[in-house]
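Chain IDs A, B, C, D and E follow the sequence of writing; residue 1 opens each chain.
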Amino acid sequence: MHGIGVFVCHCGSNIAATVDVEKVVEMAKLEPGVVHAEEYQYMCSEAGQEKIATAIREKNLKGIVVCSCSPRMHEATFRKCAEKAGINPYMVEIANIREQCSWIHKDVEEGTEKAVILTRAAIAKVNLNTSLVPGESLVTKRALVIGGGIAGIQTALDIADAGYEVDIVEKTPSIGGKMSQLDKTFPTLDCSACILTPKMVDAAAHEKITLYTYSEVEKVSGFVGDFTVEIRKKARYVNMDKCTGCGVCMEKCPSKKAPSEFNAGLNNRTAIYTPFAQAIPNVPVIDPNQCTKLKTGKCGVCEKFCQAGAIDYTQQDEIVTQKYGAIVVATGFDVIKLDNYDEYAYSQSKDVITSLELERIMNAAGPTKGHLERMSDGKHPKNIVFIQCVGSRCNDSKGKPYCSKICCMYTAKHAMLIRDKYPDVNVTVFYIDVRTPGKNFDEFYRRAVEEYGVNYVKGQVGKVTPEPDGSLTVHGVDLLENKQLKVSADMVVLAAAIEPNPAVRKIATMLTASIDTNNFLTEAHPKLRPVESPTAGVFLSGVCQGPKDIPETVSQAGAAAIKVVGLLAKDKLLTNPCTAKPDELRCNGCSVCANVCPYGAISYEDKLINDHGVRETRRVAAVNSALCQGCGACTVACPSGVMDLQGFSNRQIIAEVDAICR
Amino acid sequence: MCDCNCHQNYNLDTLVPMVGIVTDIRQETPDVKTFRVNAPEGGKLFEHKPGQCAMVSVPGVGEAMFSITSSPTNKEYQEFSIKKCGVLTDYLHDLQVGDEIMVRGPYGNNFPVDTELKGKNLLFVAGGIGLAPLRSVINYVLDNRDDYGTVDIVYGSRSADDLVQLKEIQEVWMKAKDTNVYLTIDRPQEGWDGHVGFVPSYLSELELSTDKTVLVCGPPIMIKFVLGALTEMGFSKEQAYTTLELRMKCGVGKCGRCNIGSKYVCKDGPVFRCDEVDELPNEY
Amino acid sequence: MVKIKRENLAELYKLISAEKSLFVPAKKAGQTNYALYGADTEVDLDTLKTVKSAKELFFPQSETLYNVKTVDNKYTVTQAELQNEEFVVFGIRGCDLKGIEVLDKVFLSDPVDSFYKARRENGITVALSCNEPEESCFCTVFGVDPADAKGDITATLCGEYLYMKANTEKGEKLLSDCASLTEAADESEVADEKAKIAEILKKLPYANLSLEGWDGTVTEEKFNSPVWEELYKPCLACGTCTFVCPTCQCYDIKDYKTANGIQKYRCWDSCMYSDFTMMAHGNNRTSQLQRFRQRFMHKLVYFPANNDGMYSCVGCGRCVDKCPASANIIKVIKAFSKEVD
Amino acid sequence: MQEIISRLEQLFAEGKINRVLGWKKGDLAYNPEVSYFESAEALKDFVYDGFCGANLSKYMIQGSALEGVTAILLKPCDTYSFNQLIKEHRVDREKVYIIGIGCKGKLNIETIKAMGIKGITGIKGAEIDCACDELTVETLYGDKKVAYKDAMLERCHVCKGKEHMIYDELLLESADTLDGDRFAGVDAIEALSPEEKFEFFRKELSKCIRCNACRNVCPACSCRKCVFDSNKFDSEQKANVDPFNESMFHIIRAFHVAGRCTDCGECSRVCPQGIPLHLFNRKFIKDINEYYGDFIAGENAEEKGPLTNFTLDDMEASERR
Amino acid sequence: MSINNEEFRPQIVAFCCNWCSYAGADLAGSSRLAYPADVKIIRVPCSCRVNPMFILRAFEKGADGVIICGCHPGDCHYSTGNYYARRRMTLLFSMLDYVGIERGRTRVEWVSAAEGVKFSQTMNEFVETIRGLGKNVRLGDLRCKK
């Protein structure tokens, strides 16, 4: 191609400090095909874009190279700019001379040399660019929310209120999530259930919302605007239409040995159960691992007592296939397993508990009916020690490297509530730092210390040892006093780190959404697109994206909802034109490409081909460009190079290689 | 042996090209441009005869044979009319005045302007870009007007927009002495008041006398039908000359590509008398 | 005529290679091909036919024609250097020598190929007689005498000696340069060997192959024959025959992108390849039949038409030995003579 | 051999086949050529002996375009290639009648010549009906005896077995010829140091003349246009201008047939320079077997090839041996 | 020798998938985690887009090392791309070992969008390895340097 323009951005001093931009311009001008090169302070600015547009028009440019930040940042900006100036937006290439050059190199000579090479590679590539035109695809006006916690509920409500159909898939028998297990919420100390249940009811009652509880996403295919999802509705063994929610079955069920998930395993539930009293839907499920009838064929008590005749032991899992335009992941979190923290005697003593367990103990609907009791002997504890950062902010492989964010505040809440209700109890908190950035957070913490006399000790706990008398000795340090401490306690509460729900891995894989090393879902941009996943049409809500508290979760849920609504409001979407394209003239029709296509986008047809004057009917590959996502697997599988990827063609990449290795 | 004068003014091997400067570019039709080429120091790269070709190349892009469309009587430059139809020609069409290309040649034989054609009445029949090689002869003849008899030019193309060298046709050829120009286009078109129809049928309609020597150039299918029409009109094969175009690489009759029978199109052609063409195995 | 003891040949190679590049048939990884003589070269005079013919020493499989440097969209062209030093090709057989005669017709005809010409002028050929002709040999059909190949020097292995006789000035010069290693000999000493070879030649299976009906005038008859339809079928469209052939000279000119520009090189090409005549708007030989026919028509009809009856085949039999599909020029010639019957 | 001819004549007579794809007598003792026999009469030139090593499978790509049914003669090892071609939709199963023929090991004339035998005018003992285990080679320079086994193609020493993977009917018995370790050659190279490996391949590959015989004979290399003939990767090259080209061509060629190569050995058989090209293909076969479980290309016409397949816990490249 | 090695600036081509590793490289950049300028990144949509031809081409044109980076297995944006890439590269690299190319010149590494640190560490390590191996003389086309 002849007629390439090169535009080098200073990015203030971000680039210009380590790259001699003038040199880059000068070197670019020597490249074959380049007819224009210039530099500017901020190419992405209005004025910078105007410079590009002017050059395109005046110099009759056919393609442009912008040497600037990562294409993940501004490729779209410059494409739009090029399009406005009259050339195809895909005639733009970006040389990443900021993230991959100026920011990592200190030496100007070195940085400049590399920038020149990167520019050369981009010029070599743009040389072979061709105009591409995106196709269109229709948008299914329905959204799927995976996870029925507060994040999922709020997202669904917001989408539904905007007038779109939403389905919530929740794997447990009831929506509500972790928030339903909480007693009070910080920093306002209002009752968690009181604020959550109305939302649960709203969701259940909303005409645009369909709940799939006790269900899991089985398979996802398709792409933004047109996902096809298979949902497995696990067998409840209770007919949802017939059940009245009277609860007799649960009263009569003789199998009472299953640990209650809702009560964090602190007490047991029956084999047929609803997780909690306010469960929505208020229809029990039979736990097939616990039910005597399902395991041995004998019993059948619940069926006998069910007036509505809702019990159905023959029920099977059911697969529902539904189409969606957008998918929101709201899979939430779990408390980490404390297997690695033997030093705190969690597995040895029933009186070493996690904060979530304490939450259940404090709750009127909990195993102790809200009385503060030791789980070992039911005695009222006199001394309680809280240990912070158990598994959070951990540099070794035992725990998590990140801050779980909510622990400081809920510990303050717990301490305050205990001191308020039981002034006789001494509360000691061992902490590394107390982190209270949030509205009214620090005030809240200070009240705990100042008004409620909670004893905060800056320092870590090395060990908790159960004593023969049933008490616990906490071996810690007081960093401020610089001394070893031994504190006797009746109960120890561990602020265990939170981690993304383990199910998210499988879901992310199905959605092809990326995950970071801690299994949190990655956002499309950490700052500017925090509720979108890099996979188009997939959005993030709640803790699956990173630790956050309830108000943050709710606001993110709303943000995700508006993104979904924005997507569903469109009738058509433009598809990525960088799709695979076969050269029919040379295609063997061998099917190897179709074998590796993850989207089933390749089919074969018998076609009349005119091969340099020879006409014959041949079996050739055809790509459905609406299905093709442009991964390129087929292009490598094809031995004759017949299948090529537009925008990343074989010759383009080869040209880049050549330019780099010159 | 080849009577060409490849590289006579040049001391390198015939396969090694010279650098030429594009000094003018004219957009003839939507997909044809005419490039004027000079030596870097000015003047022509080489001397040639009407009908000869040259290899034009861009390093790393490609090399192909094009007929030289300017007349040898032009002492200042050479011209190539090039249709956009592949990687190299796409690139050439992107060139701007002042850019460099590489040229080697001239190659092949030429229309026998100084022997057989001398003193004859001439009939030129061209279709589309096929005018390019004939233009060289036409201008040569017009510049040496007295050496030849009458000149008739029948030229047609798909549409009025696809007629190349229209300006020269109208301003020079149509005004030349004893010269008739007949233009035609394949399909009716708004703003075209000339003849409509394919070249062979137009030729038949014209009822020209058979005392002419014919020079034909155009797409193979057109040549075929023109020759048919000529035969019907009473012309013999010996009266007609045409040019063949095949894949050529070396230009000097050695690389083997353009070999048909015992002829090498690049060396023994591209100009053949039509009866000679008939003697070749049917592989062109 | 001079002679040298076979056991002293290594000395001869050393002596020649000290002054000039010396190419000898050398065995490498089980196969014998021409190679530049060096300290660890395993010279192989016993193998009758090198896989590639001696053609490559005058018309290499690939050679640079010129380089183009591109700076700031401006080109600088530099022609590759021509061969300007003498070199010796030792052990070339009669058939290969005849092959070079054929190539001369092509490359030394106007316009002369200067790359080839420089090599021809600087090459000194020491032709070696074929003591044990093989079943695939049919050079005698093309007038080659393998017992007395006329290179710049004719060499004959006989008994313990290699006999050498200069035929040209270049040959004289080379022999006199090597005089320290040779002793005088008489022509009669090789007479018996030559007679022996002549006897064997008569017994070769293809000794009586007839070229009747093949000359430059039979284009139409041969071209349109239905025999090709049958003959081409086994052809794999590979280039083995072309590349081992001492007379095939089709080439391609290609670009190679170097760091600073383009290297234009030419390399052997094969008319058997499906893309040989492919061009943007069509292909004038679309079927393998056409391509197969072209190769043999060229050798036996078109070439003689342009070169006073000289065939572009020398009967070396390499295609007979090497064609993976056992399709070869013998089968073509025989198929047509069968048709005549 | 007569058994085959009779059966073919019968098939012609019954109208079941329109032609036969087989071998025709050569003009020397050892050069039969592949031929289409269009009638029963034409079969007078038919031959099937020890020198009929050519794998006919690939010819059926062209054969599929012909009218009517073609009877093809396939040796046990050829049927793997044929299956692979069916899998890749390159041949039309409907248009072919497969006669699986027995094989007692195929001979390599190059091996015989490499023994120093020159001027061969006749060879006795290569006939398929001959039970002899010795060949008599008649030459201009006297008769020579060669053990049948010693003259066999490399691939026959590591024979895949006597079973035909696909056929319509079977004729003639096969013999056991397996007496070597298929991967011994690969193992030997793997045991070398990088320098020695490089030296070995340099020496072998420097002989390559890029005639493309290996590619054109290969039943897996059935591309309409090879990457080395096309500008798809800007990789068009016709000659080994630089040692790099030699390696590039053979590595990529082997990679392109990895998981599809049936180890039919045709590449090594046809190489005019005697390059042991099977060493490339076998390396991939060995790696595939070792890393991803035993896989035999062409064993059937359905199974997914190893390079169009994966498991979640495949080994990492860094774990390669 | 050691002096030579210090002066030796290897040419290294890194193919990075757009979704994970390229983003990881960007993160390394925005986190100012330095690695040698010898590494030049080519963006591809997915590691499965990397054709063996590209790798050999890089070596041909004078690269001293080639590294392929993609999403961690299981995290591919296109769900299965890196699994195919893993098999292809394992076999190709094994073949390169086999023909005598030093093993260290080729590498596959899975780097997620969040692993800026890993990206930078990997590149530092790789460059170090290549510096140790020196110039690639076995798999390059000599004409390139003309």
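Definition applied: a residue touches a chain if its C-beta (ideal position, glycine included) is under 8 Å from a C-beta of that chain, and two chains touch if they have at least 3 such contacts.
Here the structure is a predicted model, which means the values were calculated and not measured.
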- Item | Co-neighbours of subunit E and subunit D - touch as defined | A, C
- Item | Nearest-to-centre chain - CA centroid comparison | E
- Item | Which of B-C and C-E has more C-beta pairs touching across its chains | B-C
- Message: So the centre of each chain is just the mean of its C-alpha atoms; given that, what is the distance between subunit A and subunit C in Å?
- Response: 71
- Query: When the C-alpha atoms of subunit B and subunit D are each averaged to a single point, how far apart are the two points in Å?
  - Reply: 51
- Message: Averaging over Cα atoms per chain, report the distance between subunit C and subunit D in Å.
- Response: 30
- Message: On a C-alpha centroid basis, what's the spacing between subunit A and subunit B, in Å?
- Response: 68
- Task: Send over the residues of subunit E in touch with two or more other chains.
- Result: 51-53, 57, 62, 74, 80, 84, 88, 143-144
- Query: Tell me, which residues of subunit A touch at least two other chains?
  - Reply: 32, 596, 637, 641, 650, 654, 658, 662
- Got the subunit B residues that touch at least 2 other chains? 60, 99
- Message: Can you give me every chain pair that touches, using the contact definition above?
- Response: A-B, A-C, A-D, A-E, B-C, C-D, C-E, D-E
- Item | Complex contacts: residues of subunit E adjacent to subunit D | 51-53, 56-57, 59-60, 73-74, 80, 83-84, 86-103, 106-108, 138-143
- Tell me, which parts of subunit B touch subunit A in their complex? 60, 91, 94-96, 99
- Item | Touch list for subunit C against partner subunit B, complex | 65-66, 68, 70, 73-77, 79, 106-107, 109-111, 113-115, 216, 219-220, 223, 249-253, 255, 257, 261-262, 264, 266, 269, 271, 276-281, 284-285, 290, 294, 297-298, 301-303, 305-306
- Item | Residue ranges of subunit B touching subunit C (in the complex, touch as defined) | 1-2, 4, 6-7, 12-19, 59-60, 63, 85-86, 99-100, 102, 246-247, 249-250, 252-257, 259-262, 281, 283-284
- Note on the structure: As the complex stands, subunit C meets subunit D at residues 28-31, 33, 48, 51-52, 61-62, 132-136, 200, 203-205, 230, 233-234, 236-240, 242-244, 252, 254, 256-257, 265, 267-270, 273-275, 320, 322, 324-327, 330-331, 334
